[in-house]
Each structure stands twice: as structure tokens, then as C-alpha cells.
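To keep things simple, chains are lettered A, B, C and D as they appear, and every chain counts its residues starting from 1.
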Amino acid sequence: MKHRGSFSWRIGFEALAWIYWEIDSMITKDDIKGLFSFIPTPAKPGSERWDATDTVDLDELSRLTEELIQSGVDGFATMGTTAESATMTEKEWEQACACVVETVRGRVPVFVGTTTLGTYDTVKRTRFVKDLGATGAMIGLPMWQPATLGGAVQLFADMSEALPDYPLMTYWNEGIFRFPFPPPFWQQIVERAPTVIAAKLFGFFMIDELLQMTGNKIRFIPHCQMAHKHRLLNPEENIAFWSTEAAMGPEPVLALRDALDAGDMDKAKAITRDIDYIMETFIPKEGHGEFAKYNIQLEKIRMNEAGYCNAGPIRPPYHVVPEHIAEGGRECGRRWKALRPKYAK
Amino acid sequence: MKHRGSFSWRIGFEALAWIYWEIDSMITKDDIKGLFSFIPTPAKPGSERWDATDTVDLDELSRLTEELIQSGVDGFATMGTTAESATMTEKEWEQACACVVETVRGRVPVFVGTTTLGTYDTVKRTRFVKDLGATGAMIGLPMWQPATLGGAVQLFADMSEALPDYPLMTYWNEGIFRFPFPPPFWQQIVERAPTVIAAKLFGFFMIDELLQMTGNKIRFIPHCQMAHKHRLLNPEENIAFWSTEAAMGPEPVLALRDALDAGDMDKAKAITRDIDYIMETFIPKEGHGEFAKYNIQLEKIRMNEAGYCNAGPIRPPYHVVPEHIAEGGRECGRRWKALRPKYAK
Amino acid sequence: MKHRGSFSWRIGFEALAWIYWEIDSMITKDDIKGLFSFIPTPAKPGSERWDATDTVDLDELSRLTEELIQSGVDGFATMGTTAESATMTEKEWEQACACVVETVRGRVPVFVGTTTLGTYDTVKRTRFVKDLGATGAMIGLPMWQPATLGGAVQLFADMSEALPDYPLMTYWNEGIFRFPFPPPFWQQIVERAPTVIAAKLFGFFMIDELLQMTGNKIRFIPHCQMAHKHRLLNPEENIAFWSTEAAMGPEPVLALRDALDAGDMDKAKAITRDIDYIMETFIPKEGHGEFAKYNIQLEKIRMNEAGYCNAGPIRPPYHVVPEHIAEGGRECGRRWKALRPKYAK
Amino acid sequence: MKHRGSFSWRIGFEALAWIYWEIDSMITKDDIKGLFSFIPTPAKPGSERWDATDTVDLDELSRLTEELIQSGVDGFATMGTTAESATMTEKEWEQACACVVETVRGRVPVFVGTTTLGTYDTVKRTRFVKDLGATGAMIGLPMWQPATLGGAVQLFADMSEALPDYPLMTYWNEGIFRFPFPPPFWQQIVERAPTVIAAKLFGFFMIDELLQMTGNKIRFIPHCQMAHKHRLLNPEENIAFWSTEAAMGPEPVLALRDALDAGDMDKAKAITRDIDYIMETFIPKEGHGEFAKYNIQLEKIRMNEAGYCNAGPIRPPYHVVPEHIAEGGRECGRRWKALRPKYAK
């Protein structure tokens, strides 16, 4: 799969490309590069209520997805924390997944989150997104118990057995899943869960060591704030990054991607500095432990403040947030909004 | 609702009682007393596999439920940790709920767990169990984020608004829900979530203080190991306890209940000592933090070893367990099995 | 050692009693009963400064100690958290220890905290307090590492070997020492550290089970808030409790002791309710995790507010405290002050 | 202070240099570069006993220090975790500090740890090491309470006020001090504690962001495993790293320093790979949480196994360690020993 190279012909042959995708062999690690946009699932007015129904604003979700593709993002991931996968009903989740996959129509890779509390349901959801045509599934860990090494590896081994030709992205989040994802996890994953081809990271990690441990079989994808550093450290492997910020207007992170691809590391660093600035108020001053309690709320709040998309209300029960935390999110949104023109083409 | 007192006429009028139940007013705190049995959801062979389907052994679930009623348990709770509510598919969960409620036929109260990752689904599941005829719902906290005071209270406030005449039992488990359930939680619950009439406890708590804070509006239900102590401390209020052990054979905990009800505190203490002994190997020696990683596994392992019911395999992904932990569970099951004859009538 | 029974003759023969104490055999668990007052180490003005020297207000320390004895407290413990043992210089610590022991002159038992970061120093300090004539030492766990079962037991085993005839009180505080003090700890302590005859508890514990595990060899001492409950549960063993509140004026806790000793459990419960009320604002609403960050500050703040003693400024570095936490401490002090007349004889 | 440049004349004028040092102005951040060796405090036989006295093997400490200087290390730090500062008596600590400072005689910078449980003692110890002629003090956080932002900043502000012309290195260790050292800490440190010129890091951090926040006023010093990466990311600022491994034989880390200084990043990376390999068994497979319980033990075990110095027994109470953890340390020592010849000049 060569997304950028095939853009030209795709414009005229989108329908064909879509079919081609269906019969194409599975994406590989090498296809994962550039800017992956993690998008919200816009909610209709009133969705903060326990009695809200049919909450997905499909028009806005489709519009946002299309606009991001037109802007040039390289891939999507959705149905994790930011997309409120935990709070939608199964039907809403299915609608939202279908909306994104169908809007993308194979033009770029789409990973869809299928984390649930149990293996049966995660298999079921993963099959669903595969059937939809999503590129792969993004999977976190069981949450009813603090995850253990044995249990965490077994889940991915089971998923590789269940869908042996379907790419998986590991959703590495220590705060949510109460698991440090230590070296032995990765060493066992490459042995027992060969369909894991990517891992979304939060925070800074020793990717180089991870690459070595895993024989370069997994694309470790850092947040855009870390993209410049990791590209410097390993220009061949660290070629992808993720951003929820793209849904506040993708210009800064697209500029970052282009600077990185052009090898203009000074410019990449300067853009990173701008991103650092907008992030200052996003993580509460009490640190990441506090952030973990309000990550869903903060993402939606800043997106709504930035105004690039209408993410709508926050779905319960993750809609409660102290005002001083919320204000940090709003300020982040305002800063991003002010930053966008600087990187508009 | 007066269960014991109405047993005599109920034998002949079960169908009527069932109808009466439907139209009866909501159960109150005063109806919650005696031994509440927390039962497993027996699994068919192969249920440890990711590709298992239709895993609920309904015959065994019904048989176990009926046998416990015949033995004299005072109530049930299910669809929490022990019942593997986290791992069943929605359809399996619905089948299991229906099986229990229909088997019980209103003869004793049944609380059914409806915890999910989001409020919409918890409302939906709670309505489902209400429609089934379950006495009330047992609800834990959101798990995608560590719970906060504001978020935890809001969830129960929402549930009280959603089902204003439906009794709730709070599922107090600090390990699973990463929340200490501190005094302000209970103070706010009685204000904002008046349908909460019971709380399942794990570990030892200052129930007396909680009763005062909540104006005696909530029945705090300790584990059978603590029942004797709490009855001593407050003979009027601490009249209910829970036990997962009953599903290994209820004789010891029934004897405990009878001793407590008869005011024979020496006998109650002696029974408690016997229960302490069987529990010695159940909680791993590393403590409750380690237990939280394997609580599902340990419950099923000891039940299968005790042999009173056939709990079947452990559903994934919570089926991985180190051998030394598993052996602690098996030894607990063996000890319980050996203890039962002592308390058989 | 029979303190109360020997009060009459002691008035005239204090010097003799003092000598007698020196040659007396070691105190046993049976001598630990009634109200143990945990006292502060009053600080002179300016002690909150890094350049303060000679900070111990020995006059006030002596006065407070004597007044509490005259009021009828049954024992003392000092040089733990409340006494700011962590922040005094060694010389200050020695002065304060000597002041307390010499003021008491053997009239009641005195346990003195000798926790340090290392075994050599803890042995040295324990020998020092033994030579002073203190009844025993109160010892916590190493803090440079989170304590482990093996390391925690070894420390007490070493202390028993180092001072084979000197009574020890275990300072059970999970927050400070990052250790859950699980059953295996106590099982090993009775085997390997026979000089441990008492344990100060924080929070509620299953003392009955601990007594069984340890063959009734250890006096487990709960906080005054729990004294009533534990006396009810085991009237023979649970005969001692501790209180830092006594240093705000001992009347309520003396009344509690007398009610418990007289078997007037209704009165004991009523007093406990009054104590519960003053404690409401002492533990921050965020819970015990937050309390652990400000326990020293809160104790000194409430004592100064209550005005029974002049505890003086808080020594650095544990003197920083947010205003809303501090206000909780002050309110607690005001409530205690208002409560005292009710229980004055 | 220009250490390398002034080596030539120093050989003949050591005494003069020593005097010069005394009257010299304070070292600045710019003087902190290259390899900082964190050394143990060798213990005499029997030091694992509670009754050991006079445990510091001063001959070995002096020999090790001198040999490392002769080998070319750029600086020292001591009296942190590895040096067992927590367990020595004050006299032993003073002897060990004096031994190191006097052996070094100002030829390279020496930072000496002065962390205690209280501010008075930390001021006292810091004055002591200043008077000895140590370059600066390395200071951690209070341990009796989990550190808070306010308290942590205040400690360093107090130290800057107490010794306004004495350089400090922050001992950043989240595991020991239960504090995440978040951005607001560093922002406030540069305002309120201007004598902090360096920070020892554990794990990977976003040094670039920290440099920006602190206006490049602090030298952030990573572990040797991270040195290559950080040099790549910021060749001008990230010019120092620390290593406890140097005390197992400094050749590999000296080679790393030389490669970094020569700009030979491929070689630096290759050396880092070798270091990664020896570290594989050092951090227990359970992760850094488990490491925090045994860091002292593991350092001494691997040093003794490597045989470059005789670190001697582990002082109590941090001498207890499970065999499988200890074996990880020994294997690490064996690997380092085998690695040294590869980098011997």
C-alpha cells in the first residue's frame, strides 16, 4: 500500500481503489507513516444526558473526516478515548465506525478501536470493523482487573489467532489499563501475536530499544509533540506520529509532517515548540495522574473551543470535570485556533 | 416485603406472588437482610476460548439458583465480578439474568449487576433487569478513567433520575473502580441518588459511621467474614451479609446466619473462625493488590474445586492465572468442601 | 506493672518508684491498657525557618506531659509523626526524649519512636531511649525503598536480637511506609521478633484475626475513634487505644476510657459520636491519601487551635499546607475545644 | 572551572589548585559535562549486621575514587541510593564524604548527597560538605510524607536561601520520593531556588522541554543509556550523563563519552547497545516498581560481581533481596565484566 504515491490516480478511481482495498493483502508496518489523526465522535445536543439516544452526529463526523483527508492527513484512528468508544451504545459505535470507514473509502489507513471488557466482544467488534473495511483494529487491555503480563499477552495472542490476517495496533496507555507495557510484553507479543504491527504511544518511550526487542516488526507511533525527537533518533523507523490536535485544525501537524519528511529539522523543532505551547494548559498542573481522570473531557472541550469541528457535548459518565481543569482545555483550544493561520498554506 | 414471614403461603401461591411482586412497591432497605449469595455464571466446556459462543450453562445456573433457594438463602446478587459480567456477550448476559430472575420467581430479592463502561448502556441494562423482574440493580463505577467524586456521584444521580422507583445497590470495590468511596460520596449519594438502598462492601469498613452519615438510609452489606463483628457492633442495622462461598455449598454461611439471628454470638464467632481458615489461602500472600488481578479466576477455581456447582472454565481475558495463585484458590475450595458436613443439618 | 493500683503509694514514693522501674523486669502486653497519649514536640517561635536552632520548647513539653499525667492518661507514645521526629536534629530529638521520660518518671509507660532511615541508627536510638528509661521503642519501617515483607520482618528481627529484653511497638502506618502490614508479616513477627508486644494501628483492622494469628502476643492499639467498637468485639484484648487528640485536652478521651472500663457502652458510643464529629474536618475530603501528605501539619494546626498546649510552628520541610487543608485542621481544633467542657469532671 | 583544559598544570600544582578551588567562585551549569560516576560506599565485612560499626572501607573508597579519576571520569556524585547514604551513621557518612572529597582534591567536580528526613539536618549536612570542599550538594525530597509541589519547591528555596552561593543538584527519583517532578516544579525552581544548577534524572524525560521551561539554567543529566539519544537531540545542552556502572569498570562509559564528544554517533549508538544488553537483567522483569524495592541491593550485588571494586556487604535494612532479583544483578555484573575488555584502550 503506497498512499501518497497513489494519490494521483486515486482521485479518478476512488471506487476502484475501494474494491482494490478489499481484496488487497493486509497492510504492513511499512504502510504506517505520516500523520495519524485521532478523531472524536461528534455528539448531538443533549448527549450529556443519560437519556440521550442516537447521539452520533454522523454528518459532522463525515464532514470532519473528509475535510481531514482533503487536507492531507495520512491515516486515521478512532474509537479510543477521544472518540468516546466507552460510552456509546453498540449501535452508535457501529454507526460511527461505518461512517468513518465509508467516508475514507480506503484512501488512507483507518484503525478502529475495538476494546471492550471481554475477549468475546473484542473479537466480535474486530470482525465487525474488518468487515466494514477498516484497515485494522486498535486494541487496549482488559479493565475489570489491573492487567498482568500473562493476561495482556494472551489477549493479543487470541486476537492474532482469531483474525490471523488482520492488522492490530496496540493501544499503549498505562493510565487507562493499569499496565506498564514492559519489555517482556513486547518480546512476547512479536512471538505470540504476529498481527500486531503498530503501537500507539502516550508519553516518551525508548522506541529504539523497543524496535530492537521486536526486531523492527512494530511501528511505534508517538504523539506529535515527540515526533521531531523520535525522527531525529531514528529517521528510518520513526516516521509516523499521531495527533488528536488535528481535529482542532490540522495545519500545524501537517506542517510538522512536511518538515519532517523534508528533513527540515529546524523547522520541525520550531513547530514542536508551538505545539508545546498549546499543550501547556492541557495537562493539568497536578500531572498525568490527574489528566487520566479527565482525558475524554479535555479532548472534547478543547476541540469545541478550537471550532474546527463541532465535537458536541461529552457523553456520560465521563462528562464531569472541575472548572479549573476545563479552563485548561479551553485555553488549549484557543491557543491552537490562534496557531492555525501561521501554518496555513 | 417480608420474605421469611410469607414463605408459608407462598408455597401454594408462587404464581400469584410473582404477579404481586410485579405490581408491588419497591423493596426498601428493611427488606435486605440475611445471607445474600453472589453466584457465578456457569460456563460450558470450551468457554476459555476466544471463539466460544453461547457459553452460559443455563441448566447449571438454574439448578444452582434453585438449590440455594431451597437451602434457605435470603437473597441473590449476580452479574458482578464473580459472575463474569465483564466477559459475556450482551446476549449471554441477558440469558443469564433472565435465568436467575425466572428461577427465583420473586421468592427472595435478586440484585443484578448492570455496570458497563458508559451511562447509556448502564441505563439500558438496568431497564432490562427491571423489566425481567429483578429486585434491583447492582452498579459499579465507570472504568475508562479512575473515578472521581463528582463523576461517581453523578452516575448514581443519573440512575436515580432514570429509574426513580428502582432500588440500587452500590458495588463498592476500590480495586476495580480505583475510587475510595469516601464519606463525601455517601453524603452526596443520599442527597442526589435516593434509590441507592444498599451497598456491597469489600474489606472492613466503619459501617456505623456510614450509617450515621447516610441517616440509616442504606443497608451496608459486609462479607460473611465480617458479619459476626458487624452484628455485634450494630445488631439492628447490620443484619445482612454477602457470600460468594455459598456457591461452594451454603451450609456454613447458613449456619452463620442462623446463629446471628438467634443471637448466639459464640457460635457465630466459631463459624467465622472456620471461614477465616478457608480464606487463608484465597487472598494471595502478596495481599489485596495481587488479589485484584485474579479475583475472577480465584472465585471460579475454588468453586470448581469445592464441587457444589460446576462453574466451568473461566471466560477470557480474565482466565490467565499463575499456578501458585491458582493453587491457593484450589486449597480454599478443598477446605470449604471439607467444612460443609460440619454445618449440614 | 500495675499503674492504677499503685497510684496511691506512688504519690509519696515517686523517687522510689523510679528506681523500682529501672530494675523492674520488662513490661508485657498486659501492661498496655487504657489511653495512650501521642504528644507533639512543642516548637519555639521561628521553628518553621530552615535556620532555626534549639527548637524544642522543653518547658511546654514538660508541662504538657505532666498535665496529661495529672489528668490520668495511662501511657504515652512520642517521636512518631505528630512529634515531628523526622525533622528535629539528633540533639533536639535526644532532648525531647529525655524531657518526656524524665517528666513521666516511670509513672506510666512511655514508648518513644526510634525510626530512622537505617538499622544502625535505629539500634543506636533505641539504645538511647532504653538508657533514658523509656518503657519501649516505637518503630516504623525503612523509607528509602518501599518496604517488602522480607525487609520489614528482618528489621524487627534485628531489633529483637539487638535489644532482646526491650519492648517494641510496631508503628503500623501504610501511608508513610508504603507497606500493607499483611497477615504474613504478623505471623513472622511473633516468630522472629518476640520483643514486639504492641502495634499502633491507623484505620480499622481485623484485630481479632490478628490476635489469633499472633497467639494473643501483641496488643493492637486502635485510635480512640475505634476503641468502642473494638472493645465490643473483644472486651478482654482490646483494652488500649491511642489518641493524639488528648493533647488538645484529654477530657473526652478520658471519659471514653472510663466509660469503656465501666462497661457503659452506650456512653462510650455517645462519646465516640462526639469524636467522630470533630474528626469530620480533619481528614481532607479527598481522603486518606491526601491526609498522608499533610498529617504533621494538620496535627500541629489543630493542637494550636485547641489551645490546650502550645505546639508552636511546624518544622520544615513538612510545614507547607494548602489553606483549605489547614482550615480543616483549625475547625477540628475549634470543635475539640468546644467539646471539652462537656466531659470535664 | 575548566577541568579538562587545566589538567596539564594541575599535575604539578595540585595543592595550589585545591586552595584555588576553595576561593574560586561557584561552579556553573557549564562546568557539568561528561561522565559523572556515582560511586558506592564500600563496606567492611560484617556490615550487613545490625551491630556493625565503623563500616566504611575508606581504603577501598579512596582507591576506587582515585582509579576512576586516573581513568578519566569527569565528575562524581555520591551519597545517594547507591552509596547507601540512608543507612550509614552520621559519623560514617562524614568519613565517607571526607574521603571522597579529599581524594578528588578538586580535580573534578564532586556532588555529595545531603538528603535527610528534615530541613535542619539537610542544611547541616550541606554545610558540612561545603566546608569539606565538595563542589555541590545533591538533594532529594522529604520522605515522611509523599512530597507535594509546594513542599518540594520550598525545600529547595530554603536551601538556596541557606547557602546562596552553593550549587545544588536535584535528585529526581519518582520512586523514592513519591513525586512526579512535574513542569510546575521546574518552573518554580528557577524562580525560587537559583542555586539548583543540575538535575540527576532516572528514566527518559523530555529534557528539551525542561530546558526551555527553565531557560537553560539547569543541566539535566540522564543515565548513560540515554546519553546518546539526548546528545543527538540537543548536542549543545545534553553534554553530561551519569553512570553507576563506572564503578564496575569505567571503560565502556568512557568510550561512550569519547564517542559522543567526538561526534561519532554510530559508535555511541553501538556502545549504547552494549550497555542495553548488560542492563537487561538489572531491572526486574516486573518493571521499575519492583526495581525501586531493591535498587540498593542490586547496585551492590552487580558491583561485587563485576569485581572492579569491592563494594562489600549491603548495609541493613536494605540488604534483604529475593534470590531471583539478586541473580539479575549478578548476571548484569558478569556481563559488564565481560564487556570491559572490548573498550579498554
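As a working rule, a residue touches a chain if its C-beta (ideal position, glycine included) is under 8 Å from a C-beta of that chain, and two chains touch if they have at least 3 such contacts.
Nothing here was measured: the structure is a model prediction, and the numbers come from that model.
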item: Chain whose mean Cα position lies farthest from subunit C; value: A
item: Whole-Å gap separating subunit B and subunit C, where each centre is the average of the chain's CA atoms; value: 39
item: Rounded Å distance, subunit C centre to subunit D centre (Cα mean); value: 38
item: Between subunit D and subunit B, distance of the C-alpha-averaged centres to the nearest whole Å; value: 53
item: Shared interface positions of subunit A, touching two or more other chains; value: none
item: Contact graph of the chains (line, ring, star, complete, other); value: ring
item: Subunit A-touching residues of subunit D, taken from the complex the two chains share; value: 149, 180, 182-184, 204-206, 208-209, 212, 226, 229, 232-233, 273, 276, 280, 285-289
item: Of all residues in subunit A, those that touch subunit B in their complex; value: 50-53, 55, 81, 86-90, 92, 117-121, 123-124, 142-146, 148, 150-151, 154-155, 158-159, 161-162, 175-176, 178, 292-296, 315-322
